[in-house]
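Take a look at the structures below.
Next come two complexes, and both contain chain A; in the first it sits with chain B, in the second with chain C.
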Partner chain A sequence: MVLPEYQTSLLNKVDGSSTISIGEVKVICSVTGPIEAKPRQELPTQCAIEVNIRPEVGVGSTREKNMEDKLRVVLNGTINKFQYPRQLIQVHLHIISKSQATENNLKDLHACINGAYLALIDANISLLSSFLSTYAVINDDRLIFNPTSEQIQSSISHHLVCFDIKSGRADELLFVDSVGEFTEGELMTVLDQSIEEIESMNKIVRKTITEKVSRDYIWKY
Partner chain B sequence: MTESLIVPGDRLDIKSENIILGPGFYVDPKTDEILPTNAGILEVSQKQNKTVYVIDSKSKTYIPKTNDFVIGIITGTFGELYKVGLSEFTQAAQMSVYAFPNASKKNRPHLKVGDVIYARVLSAERDIEVELECIDPTTGKEGGFGQLEDGYLFTVNLAYARYLLFNENAEILTELVKKCKFELAVGCNGRIWIKSETVKTTITCVKIIEESQNWSKQDIPKKLKEVWAAFN
Partner chain C sequence: MEEEQPEFIQFTPNVFSRIAPDIYLERNLKEGIRPNLRKYEEFRSVQVNNKGFGRYDESNPTKSSVLGSSVVKVGKTTVICAITGGIVSDDDILDQATTSSNPFATVYPLVEIARGRSGACTDEEMIIAQKLYETLKSSGIIRKSALKIRYGYKHRTSDDKVEVIFPRNGPQTDGTNDDNDQVMADGNTAETIPFEDKQYSFVLYANLQVFSRTGPPFDICWTALIKALKNTKLPYTFLDEDTTSSRTVKSRSGANATIERSQLICDPVLNYPIKLEEKKIGYSSTFGLVTIPDGEKSQEILLADIEGESEESASTSLVHVVVAGDKLTSLTIHGGSKAGGNGSRITKDFIKKSIDLAHQRSLHLSSI
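After this line comes the complex of A and B, so read on.
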């Protein structure tokens, strides 16, 4: 199992930024907002959310568009959109190095979701709850969280699970994406185990946020 | 400090009576539940029998609030209105040409695009444009507001700007004033205007204040000396 590494506030021209490395996958994320929306994006009572994902080389393709749509589902459920009427929140993600297992984009998306969460926190965007995701594979009837690329390539099913977190506990299921062959029972096991995984991950992320906040307020103490 | 750290989604035991909620909270309109929505430090204080809850968090984009003191840049003039930019990529605020002490049809200020002003946020409703004025509401006089001439404008993060504005005896300023003479205006929108005798001292002061965002209180004298020595 590979533990993710996080870092925040590394870009100074945007409101919030983060990098996240999970194994070989590395993503850099920036959030700008609330800013003035273009007339076609503007919504009268809530903010518009713009998600852009860039691959490591070249311009985005359908693969990135697909990831953007999935990430937008998660962000729509967690950003407190009514706080910023007629404004725009831009979330940009650049994949610095992508997963070596190219069968699916779930590992990259997993990094994108967690990176976006930290960047939103750094940008001080109003969120209704925290959220984190996990990526699991079923390999030889075993459930493996944060698998290596060899494990991904030899697995029969892949699951990305994202929960919102309230009071340190995984609360509601925000998003689940599964690829491969699996039974309903297997999916339920994945969901059950993901809760524990997300809660333990939340402890590490919270520590990152604590460090970030104490760095932000270093002048106060 | 860990105890007072709040992240979005944390449950707080706040009763909804006799309280004032500051920034960082959202009241769910359906359930009346009080939700913290930003990651930061929870500050609780008492004010006239009421408990005030605020989540203090660092941000870079400024959202105007009534009675904030801000530094704006004139971005346009339209008839009897000035357009004033308070932060980049956000909608400009507006200010009447009569929002100055003793202003009348014949006696009005002549501000040009690019001029810098120190103003107060008169109204900041979420559905209409933000309005500014350059009059002290208690005296009806200038009260320090108005055009900021010459000098140098730079930005710091909003939490630090608030700290400098509300603490006249902020350590960094009391230390810096021992080194040189300067005039300073701090806006809630993270902009700081500074004017001192020479360009060299101005740039040094700017560098020191910018860098001091990352200094702890006890490091200030030592680090200030280092930066000062590097420039002089």
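After this line comes the complex of A and C, so read on.
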């Protein structure tokens, strides 16, 4: 298992931030909120969530819009929205370096989801559960997690799976995006293996989060 | 003082479904029927019109630039898809899709959802267009070689007639690179034609218009796009060489300069159908998952082909599948039991059931 490299609290003008590197993909994420919502965004009983993804060069295109939409699905299911009625939570992501494999943008999205999770924790936003994602490809009938660009390019199917985590166990399926050519059986194998992958990833991420929190609240303990 | 009894507020179904879509849906489903009067696993009826308005349409040849078209009507929603094209030199870099080693091509879609006013495109339109682009690329329906151009030549014969010579094996490549050797005059003349090194390809654009949107329109847009691609015809093209001599005026010697200009011209009549990978053609279905409280426990219901405001906003859990033959091309799951609405936990059984239903739907759609 290749662990992503990550770091939190690197931006000081926002409420929470993180940077994450998975292979060649690097994403920087900031969370601002809860803040006052614009009148058209305001929801009476819950908070609005604004997701912005910027590409490494230039302004966002339809590619980023599609990624934002997918990330919003994950955030909608995990942010405790009823905690912040009539307010707004802004999640900004900037892709510093994108995947070299041009087949699809799942690897970038994988980094965005995990980056957003860390930034939300850093911003002390109330979450209903933890969540992590995995990216796997099927290459020569083998399932490979965290593939390299070469492996991505020669693979016939690609799967991004995101589970929420309760008490260290992958609990509910939050988001799946699979493309390429695959069978139902292969999909089920991917889902089963992803649970194990996410649970082992969570053990390590959780440890660093615990360290981070005890460091941040040094005067309380 | 006597206290006034609060009156019951009554709403018409239209208003009720707007104010409380989740309760409205729940009340309907408890009766065992959906708000749109369909059964849980029933899809909307589909009508496809392949007789298009294209340039090479046999029934109605026009001078338009439309190469393929389709009109798909699903329930109350109509989608009109028109495929147009352009020619680019293979040396030009359009985007990553054209430069990567990926052997599959795609189209550049533009989706417009009619909503009774003009303005900038909405997020939904952009997302559907991007999804169409990505799904077509990953499904491998169009090979890049199917869009390669083998052009003919226009030349003057010995008895001063202008004729156009096309490659003997037709304008379609078979993916190999030995095209240039195969080219010979199609009559008695057997002269070889010097081929330019420059290679050209078609790029296809798809313009999709969605009228009276009643639910997530991706499925209908995808069907319309595939049906339009199936009747897309690409033109025969030939190189028209134009030589003009011009005298430079200001130069003292009055030197003559010969300007040679060549341009690719699309034949107004001759055309050939685009070669698609038939086995990889699949169709898309969307399913919503809702939970309704049923006494002590709750009941989970799978709704096929969601339609209407209440179903759309209340079912936050979605399964979206594109099936080609016995394989899946694309699958997206939005889980969201906690996202508000009536979404429910996505279980393996639901995924399997959705895939099964999507297979049946795909078979039906490919038969019409």
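Simple rule for what comes next: the second predicted complex is superposed on the first by the 216 of 221 C-alpha atoms of A that agree within 3 Å, B and C clash if a C-alpha of one lies under 4 Å from a C-alpha of the other, contacts with A are read in each partner's own complex, and residues count from 1 in each chain.
Just so it is clear, a contact is a pair of C-beta atoms (placed from the backbone, for glycine too) under 8 Å apart; a residue touches a chain by one contact, two chains touch by 3 or more.
Predicted model, so just to flag it, every value in this text is computed and none were measured.
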**Clash or fit, chain B versus chain C on superposed chain A** = fit
**Request:** Once the structures are superposed on A, label A:Gln153 by its partner contacts, choosing first (chain B), second (chain C), both or neither.
**Result:** second
**Item:** Contacts of A:Gln7 with chain B and chain C, given as first, second, both or neither
**Value:** neither
**Request:** Look at A:Glu181 in the shared chain and tell me whether it touches chain B only, chain C only, both, or neither; answer first, second, both or neither.
**Result:** second
**Request:** Considering only the touch criterion stated at the top, classify A:Leu128 as touching first (chain B), second (chain C), both, or neither.
**Result:** both
**Request:** Using the superposition on chain A described above, determine whether A:Pro85 touches chain B (first), chain C (second), both, or neither.
**Result:** first
**Request:** Kindly classify A:Leu191 by the partners it touches after superposition: chain B alone (first), chain C alone (second), both, or neither?
**Result:** second
**Prompt:** A:Ser97 contacts which: chain B (first), chain C (second), both, neither?
**Reply:** neither
**Request:** Minimum C-alpha distance between chain B and chain C after superposition, to be given in whole Å.
**Result:** 10
**Prompt:** Touching chain B and also chain C: which chain A residues?
**Reply:** 78, 128-129
**Asked** Inside the complex, what are the residues of chain C that reach chain A?
**Response** 96-97, 99-102, 123, 126-127, 129-131, 133-135, 138-140, 280, 316, 324, 326-340, 345-346, 348, 351-352, 355
**Asked** Of all residues in chain A, which touch chain C in the complex?
**Response** 46, 62-63, 65-66, 69, 73, 76-78, 81, 102-104, 128-129, 153, 158, 172-184, 187-188, 191
**chain A - residues contacting chain B, complex** = 14-16, 32-36, 78, 80, 83, 85, 121, 123-130, 164-168, 171, 206, 209-210, 212-221
**Complete:** chain A partner, complex, touching residues on chain B are 1-2, 5, 7-11, 26, 35, 37-41, 56-61, 63, 89-91, 126-127, 157, 159-160, 163, 172, 212-217
